[in-house]
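Naming follows writing order (A, B, C, D, E, F, G, H, I, J, K and L), and every chain is counted from residue 1.
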Amino acid sequence: MTESVYKIIELVGSSEKSWEDAMKNLIDEASKTLRDLRIAEVVEMDVKIDKNKIVLYRVRARLSFKYEGK
Amino acid sequence: MTESVYKIIELVGSSEKSWEDAMKNLIDEASKTLRDLRIAEVVEMDVKIDKNKIVLYRVRARLSFKYEGK
Amino acid sequence: MTESVYKIIELVGSSEKSWEDAMKNLIDEASKTLRDLRIAEVVEMDVKIDKNKIVLYRVRARLSFKYEGK
Amino acid sequence: MTESVYKIIELVGSSEKSWEDAMKNLIDEASKTLRDLRIAEVVEMDVKIDKNKIVLYRVRARLSFKYEGK
Amino acid sequence: MTESVYKIIELVGSSEKSWEDAMKNLIDEASKTLRDLRIAEVVEMDVKIDKNKIVLYRVRARLSFKYEGK
Amino acid sequence: MTESVYKIIELVGSSEKSWEDAMKNLIDEASKTLRDLRIAEVVEMDVKIDKNKIVLYRVRARLSFKYEGK
Amino acid sequence: MTESVYKIIELVGSSEKSWEDAMKNLIDEASKTLRDLRIAEVVEMDVKIDKNKIVLYRVRARLSFKYEGK
Amino acid sequence: MTESVYKIIELVGSSEKSWEDAMKNLIDEASKTLRDLRIAEVVEMDVKIDKNKIVLYRVRARLSFKYEGK
Amino acid sequence: MTESVYKIIELVGSSEKSWEDAMKNLIDEASKTLRDLRIAEVVEMDVKIDKNKIVLYRVRARLSFKYEGK
Amino acid sequence: MTESVYKIIELVGSSEKSWEDAMKNLIDEASKTLRDLRIAEVVEMDVKIDKNKIVLYRVRARLSFKYEGK
Amino acid sequence: MTESVYKIIELVGSSEKSWEDAMKNLIDEASKTLRDLRIAEVVEMDVKIDKNKIVLYRVRARLSFKYEGK
Amino acid sequence: MTESVYKIIELVGSSEKSWEDAMKNLIDEASKTLRDLRIAEVVEMDVKIDKNKIVLYRVRARLSFKYEGK
């Protein structure tokens, strides 16, 4: 087994449609620079409200990826 | 900046369709009496089950609104 | 299934006899204004002490009831 | 009121579509052997990612059912 | 010292009288199939309410016992 | 000892000067409608930032007061 | 108001009868050396079991008292 | 991706040598009846002491495995 | 490096002015009997209120110091 | 509403004067490289002590800012 | 069963070799003044680093022992 | 005292031998790019299992280092 070191970061994704879609947007953005993502754990969920309507579903998630210096 | 005081309350919303819809129902009801809602944070999620089927998605959420006495 | 919205509140009840009795006093008082209470969850328990004797058993509990505006 | 004893277990359900569907799959499987399920509480949610796409929504939930020995 | 493996489970006991009695009912039931129980830790306590009266005291407890396969 | 029932609520106070002052503003506002406040516990502290400067210190606090119906 | 310093300690009391009695035993013992106790908060509750019977109710509680050096 | 349902259980392993060895003993025992174990997360660690010496290192761990009925 | 053993204790300090001053009072008192204090971590903060005014800022803090028997 | 992705980081600021000033120093430093900071939540507070005096107030805070790759 | 009162304290032990050895050092020191120790629970673990090397393994543990006054 | 700002990050290290060695590997890797590391706190520990054997010990740890922009 490899003995690599991983780094944990937390990102917040959002979507007008659903928490699933907010997570998808988060992964899409993270994938641009982080390689080999395998699991994203939900840490917090909320919604933004404007004029009595939900305008954004937001999800805060924890991701791990191979660490290659700061 | 204004130095207003806000109050935090917790409500439980429910829906036959999804947790997003449960949150929407919660906001709809809260908006009838609370003004200027901006964020609702998820505190807990569960489902009610009847005859082996999910009959309600429920979400407990924390809301803050301008405090004007009890 | 109905899609009602519920509100969660926390009350503290007390009794000279026991934590069970403190919960009973809490429910008695809450029932005067809240309808259809079904579950009360214990959040915290403590005792007040005076002259080396326990003078009050106290229980903090979380109650939910049908939400009808603030 | 009956004084039955209940057991709490934790299961993880998954779905390619949504966390709601992951919970549904979890309940479907649990219902094969456990009777009279009434509530499932979400304990944790995450997603599995492959090639920068979400491939599974997963939900860990707590279920209670009537206890009849180990 | 023996190097046995133990399993942890959570049960919910209930009683019309008190939380102590709810724990007693829980232990009585668990003892029918689990051997050598020594400690049960309280995880949660609540009450069920009907018509403004407490009808059941409930206690969720964590038990450990010698593990002999699933 | 009296066996009164108390209610717990959470308020958020803010100030341009300090967290102590935010708590003072919170108490000032709460005192207009709640009688006999004795302790306010800090639950959360944060700051609002605008143009790289702190513009508000905020404190979320838990207060208890004598319960007299909803 | 005085600006005294208080110390927090945790004790475990036990009783063959009930958790209330375990707390009473804890306070009785603590009162022998600590002056001016006013509140004891429950931190944990469990039971010891022997031959399928509850033999001790135990309560872990947090006490504060005036600090006068180690 | 498969949409299997997994079950989470907690076991306590022990060893006279180290926490690593306690985990190994736990896995050895669990593997006799559970198939396809992949991760075990540490939940709690402690030691048993006798005559001022550590006699057992113990580790409580959470395991998941494919769920096939109770 | 030395392999000393340290003890952790919790103290509550208070002040009429601020939480910083409450911490200062706590350290002043602790320093009379404990040597070589280096860090004090805030565990809880609250205020005492009398006649709608804050009369004491209180801070509960965790301190470690070299252990030399009970 | 925009569906941007945000990153959460934790920084520790310190000051010889107060926790408010420690937070100000933290924001000053963070603002040099992070744009559009709006909220910083306190995660932990402590003090460094030297020769029985508080020499630094420290605050650990959580900040979010627009995510633009690692 | 005896109805003794126990006290809980937290100590930090350290070692240049391992966390197991840090716990052993902690128990050795505690045993000089505390009688009849039976369990020590790990509360926190960390390492001290100097010039990029681990120089100390540290373990914070919770111990209980028979209470005989302050 | 200097009033520097520090950043907190979380890394996961692993080893085929022990959790101590996993921490060592984590520190070795982090030291390549981060200067002046002094403490690493354990946040989580687990093991990876393959064919009923532990193949990796993993430790998630929190590190702080001097902050010099993103």
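Keep in mind that, in the parts below, a contact is a pair of C-beta atoms (placed from the backbone, for glycine too) under 8 Å apart; a residue touches a chain by one contact, two chains touch by 3 or more.
Not measured: the values here are computed from a predicted model.
The minimal number of chain-to-chain contact steps leading from chain H to chain L is 1. Interface repeat of H-L: among E-H, H-K or B-F, over half of the contact pairs recur, by residue number, only in H-K.
Here the CA centre of chain E is 39 Å from the CA centre of chain L.
Separation between the centroids of chain C and chain F, computed from CA atoms only, is 22 Å. Between the Cα centres of chain C and chain E there is a gap of 23 Å.
Touching of two or more other chains is recorded for residues 18-19, 48, 50 of chain I. By the touch criterion stated above, chain I contacts chain G in their complex at residues 9-16, 22, 25-26, 29-30, 32-34, 48, 50, 55-56, 60.
By the touch criterion stated above, chain E contacts chain G in their complex at residues 18-20, 23-24, 27-28, 31, 37-42, 61.
Taken in their complex, chain D has these residues touching chain E: 1, 3-8, 64, 67, 69-70. The touching residues of chain A, counted against chain B in their complex, run 18-19, 44-50, 52-54, 57.
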